[in-house]
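In what comes next, subunit A is part of two complexes: it sits with subunit B in the first one and with subunit C in the second one.
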Partner chain A sequence: MNRRMLELNNVEVIYDDVILVLKGLSLQVEEGQIVALLGSNGAGKSTTLKAVSGLLVPEDGEVTDGSIEFLGQMIHNQEPSRIVRKGIFQVMEGRRIFEHLNVEENLRAGAYTTPHRQQISEKLALVYEYFPRLAERKQQVAGFLSGGEQQMLAIGRALMATPKLMLLDEPSLGLAPLLVQEIFQIIERINQEQGTSILLVEQNARVALRIAKHAYIMENGRIVMDGTPEELSDNADVREFYLGFTERGQRKSYRDVKHYKRRKRWLS
Partner chain B sequence: MSPNDLRLFIQFTMTGISEGALLALIALGLVLIYKSTDVLNFAHGEFMLLGAFITWDLMVNYQLPVLLALPLAGAIMILVAIAVERLMLRPLIGKPVISIIMVTIGMSSVIHAIVGAIWGPKRQVLPQLFPEILEGPGLRIFVEGVRRPAQMSYERIYWVLVAIVLVLLFVLFFRRSRQGIAMRATADDQQAAMSMGISIQRIFAITWSVAALTAGVSGLMVADFDTVSTSINEVVLRAFPVIILGGLDSIAGAIIGGMIIALTEQYVSGFIDPSLKNVVPYLVLLLVLMARPYGLFGEKIIERV
Partner chain C sequence: MATAETLPQLLLENARRFPQKVALREKRFGIWQTITWSEVGRRVKDFSLGLAAMGLEKGQNIAIIGDNRPEWIIAELSAQVLGCASIGVYQDSVVEEVRYIVTNADVRYLVVEDQEQVDKVIELWDALRETVQSIIYYDPRGLRNYDLAELISFPAVETMGREFAEQNPTHFEESISAGRGEDIAIVSTTSGTTSRPKLACITHANLIAMAEGLTAVDAFQAHHEFVSFLPLSWIGEQMISVSCGLYVGFALNFPEEPETTAQDIREIGPHIMFAPPRIWENMVSNVQVKMEDSGWLKRRLFALALAWGTQIADAKFQGESLTLWQSMRERLAQVLVFSNLLDQLGLRRIRWAYTGGAALGPDVFRFFHALGINLKQGYGQTETTGICVIHRDGDIKFQTVGLPVPGAEVSIASDGEILAKGTMCFRQYYRDPVATRNTLLDEGWVKTGDAGYFDDDGHLIVIDRVSDVMQLHDGTTFSPQFIENKLKFSQYIREAVVFGGDFPFVTAMINIDFGNVGKWAENHHLSYTTYTDLAQKQEVYEIIRGAVEQTNDDLPPAARIRRFLLLHKELDADDAELTRTRKVRRGFIHDRYGELIDALYGNEDSIQILTDITYQDGSKAKLEIALRIEDLTPAEAELVPE
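Take a look at the complex of A and B:
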């Protein structure tokens, strides 16, 4: 049985002292697993990741109830700089690369918590092996990279820190389908070859379910369902609302939508 | 051009270069803080004042040798910067930048008053800082047909060298070192920098310390060119057009802007009219800004379409 890496228990997050975003959320990531967290806009997926990585604080958010445990230690409401040192690294939504730094400087910034020069150059070589396109653009200012390259840079930057757990927030955002394929393959390779556990937030449920071992579905600040990708893909609600099929397994036509709007069963 | 005009031209150029080195060094301190915190530090001149008075005090009243007084003064400057950062700026993290700028304005009058209270308004002469390896009045350049040479004192030459070394160190620091890259990353995107494990507070403390150090050195430079006095801080007013000309966030801009402004000042006041000295830098500034609104080397906002 795998060791438990990350465990969120009944986590409640409040922004600005008034806005309740997570309402008692629980989930687990086991060592070496890829876990997907799916859900629509505003469900609280990004907030969940930020609660883990500590990045809630600059946004005036706070974990007010429940606990977040990483390898047996409580980490909620700690400074992000301490959490990164413990081995959790978040790749934020929208890539957030340092636009005025060149590619290599971006990667070196990712290795901020790694003081050894030797280790940094080994990691650089590793990142360039996963992303040969970044190697060609080492000296280029990162702001001028294409969207796909920026996403690669964002993931490469995370690799530089040698995290035990990587939190990926919508790596498919704004990318062409082929690029999404490519990036998800690399995520899978990183998981297998480096043994990095991954908590993946996605709106693109289809690609996420393809690489995940376990998935959670989130709505309105709570987990409403979880299971293996197979179990979820067989569920009628998931098929309809996240994968876009009707019960008969065909793509839905617009006429059906207009005619009859199915209620989600877990809401009643 | 008559031989005498040529001599004057050489003279003004030499003075301009040493003044330019001074302005560049001051501008560097301002750029540093602006780059990593988006704050224009109006108390920079008062940090200069502190640096000059502390060094003078250590050398004259405590009779310390130069090699002891300078590092000690540097350490005190760092302590002051860290105290300022902890007590006045840290509580303001996340507040609008304008409030922090207002705090620096308040800080400038407070420090100025403290310096005045401790050391008084009297002008003091700074003891010699550099060793006298070369004898004589300095570098002299003779022009044929004119008896008086254009000259530059060894003191000024030393200071130009100091400024060059400091600037090179800066560039290396920002390009190569872990903290330097982290500082630039923080300037680019604070939250993303935090997600790398960079502690913003620590970066701000380092930024203010380094800026206070350069301010101290430039204060010393002014004091050495002139005297130790409570009006040293006014030189900063000449550095503001420099940073706007060069681009608020550019080191190269600070250096080249410093040279342009100082040389213009020298030529205009020497060849045309000394009273124009303070006006012309701003005219140059206006002309440059009309063509390049980010300044000569300012960071453009990168937008992919």
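Take a look at the complex of A and C:
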């Protein structure tokens, strides 16, 4: 435990040689941990994940400064295919499954780093154990699955690669609250039972803080605050801007939403 | 034009002299909307009669809380039409500050901008409902479901005014002509560095005398442009935008939002600008940071042009005439580099730029003069309607604040305190005869509370607050502000509070500049999250130590800083550590951080403290933190005991 798995140190990312998205971003994931990365739209959360997984390159993005270290090796600006082999798998935002393939074919696609048939079928069984719903729909064309099932499929496909570190980008996006709960329970189980470290990007701060061991809050391309979920949940700014509590601890109603925002202080 | 005694009379005159000329300009949804002088006259008529219809009478007051908008000016002038005073409350004030001003100044009507301000008033409503009759708002967003009976919209008041005008067709003109110069026009809050803000009563005669004096020094013209972006509750903004604006008739421009100010200034290209040192300092550090990020050629050219510009500026400060060679360089630097840079900053048309409210560091001063900007220091306080001493064109020395404004007399009391006298000196503090007696001496001299002296050319030099100037144990005169300003030349230091007078040696509490230190940290691959995290890094202590050592080199040994610490948070007006004009409240900090001061004079190299944080909405939180203390005591020096 507590071995450092992933370490981003002062990472700067520029798209198209001009657009500065991340600057001086540093964060760490320890082995076996779930770490949450919270932030509003456009804060640079997805870019952070893509910088780790190497998927920046097809989008003409580049890590121009700083370093990304995974298990002691520098991995920034490497080919995504090499990074996958090292044990990092990103579940992209919006699910991105192969819609015309069926469920099982989708899952097998995730195992392309594993050459042995025997291992593949063991892994399939494991995925079906975590996601019984997928087992029921093995032969269905993936495009016809519900949103929640597609998200399960995307996570299941990641599991097929037996990653050491899974990068999850907004798994709760567009899902009903009950389903969000179900998926987050499964993520937590995967983390505990498989020992998979998880770096989780979420807009739904409440569910993310429930399962994370450590969380970072990101704004305008840099980390403005970090701490344990308890510390963050106690912080007045996090409560106001991420958890939607008023200062008296009540949940806010949309009827009471103000047209102005309090100034953030980010004091920890 | 000397016939007008009050601001509303000036307004009527302007509406007659140039009815179609732009008086106010406001940016809405990215488009500049103009209001002419005749329209301002009409709207002031409607709103003032609306207030009259609601029952506002001579001798009562209104308070205005909001960003700079045409409605702010209209409301202020409308109150003055009826012989009432207006009180500006800083728009970022917390609830308690609003309560203090509104209840102490007997405010009957509140004119507020938007939901944020309405919410503050509603929170206070139990305390205010006895005295406040109505709350008038001008931005209706989010207020539809508010059912407080006393809430009324700005246009509704104007409609009432039009109806009132039909019944009383001459009321408006009669009220205006009944106005006298000695009537109180505004009640202005003093900055309150030493205690709670006091309420100073400023008359129409004060405001007009000040505008006369200032325009006698610098001939503002009606076709000039001015961008009004600093709080209108600040006397400095009142003095230029309201008094001089009405007196001369130039146009006021209001930015769309505080965040768009820089861009909006660039679009307007003002001729006149007045801002406290903080704004000028920010501009310099922005230029420096942008230059560091620009290409090699631009950097070289800028460095060369700046070196020439500085040389030329220094020659001018010395009063030397330029050599032909220097004049050529001046033109070349302007054409090649500075004209473009000034255009980016929105300063290309500037004829007069002023700094006031606090001392501006010589380096910043020199920088702007090197760029060819005619930046001048002014000196004054709320009690002298904002200004009583100012630099004259071509006679600028950056260590001085210039010569008295025509109409003002300045002298030095036997204990070194600066005294001011003249038509711009205030009448009294609102319902506070004791404070008035303590400040306003016989024969009309106002005690400024600042220590200073005149140099050989008759320029005034301000040292510091009288109460802060002290003798160190070896007899050296010690001014904390002097040392603080020296520290603040470092781009890494945002704010500093120096202690010394009562103590065996000198220490400092320092606020790092989050932007610049953050950038430095990024360049040095030092990762950080919050301000607190960055401020407590060993490496950051080291660069600040460097800056402190540099400051110490220029100080007499007894005044050198022996120990310092970096504060875990920026000093903040919401925590009452700064005034609303962002000046350090030394006394308050002394009380609040007593533990830290003890630690600075102790032997430990770190201290654990627990502090309160106040958020903008009034909520509070606790914060516990360990702070490191850096010791610069030279090994051979002994601490001299008291």
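To be clear about the criterion, the second predicted complex is superposed on the first by the 255 of 268 C-alpha atoms of A that agree within 3 Å, B and C clash if a C-alpha of one lies under 4 Å from a C-alpha of the other, contacts with A are read in each partner's own complex, and residues count from 1 in each chain.
To be clear about the criterion, a contact is a pair of C-beta atoms (placed from the backbone, for glycine too) under 8 Å apart; a residue touches a chain by one contact, two chains touch by 3 or more.
Note that this is a predicted model, so its numbers are computed, not measured.
In the overlay built on the shared chain, the residue A:Arg96 is in contact with subunit B alone; subunit C does not reach it.
Of the two partner chains placed by the overlay, only subunit B lies in contact with A:Pro58; subunit C stays clear of it. In the superposition on chain A, contact is made by A:Ile223 with subunit C only, not with subunit B.
After overlaying the two complexes on the shared chain, residue contacts for A:Tyr130 are found with neither subunit B nor subunit C. In the superposed model, A:Phe184 makes contact with neither subunit B nor subunit C.
In the superposed pair of complexes, A:Lys23 makes contact with subunit C only, with no contact to subunit B. When the two complexes are overlaid, the chain among subunit B and subunit C that reaches more residues of subunit A is B. Overlap of the subunit B and subunit C interfaces on subunit A: none, as no residue is touched by both. Those residues of subunit C whose C-beta lies close enough to touch subunit A in the complex are 114-116, 119, 141-142, 145, 518, 521-522, 525-533, 568-569, 572, 574, 613, 615-619, 621, 623. Taken together, the subunit A residues at the contact with subunit C in this complex read 9-10, 12, 23-24, 26, 65-66, 216, 223-226, 235-236, 247, 255, 258-260, 262-263, 265-268. By the touch criterion given at the top, residues 53-55, 58-60, 79-81, 83-85, 89-92, 96-101, 105-106, 108-110, 112-113, 115, 141, 143-144, 146-147, 157, 161 of subunit A touch subunit B in their complex.
Residues 94, 178, 181-182, 184-185, 187-199, 202, 299, 302, 304 of subunit B are the ones touching subunit A in the complex.
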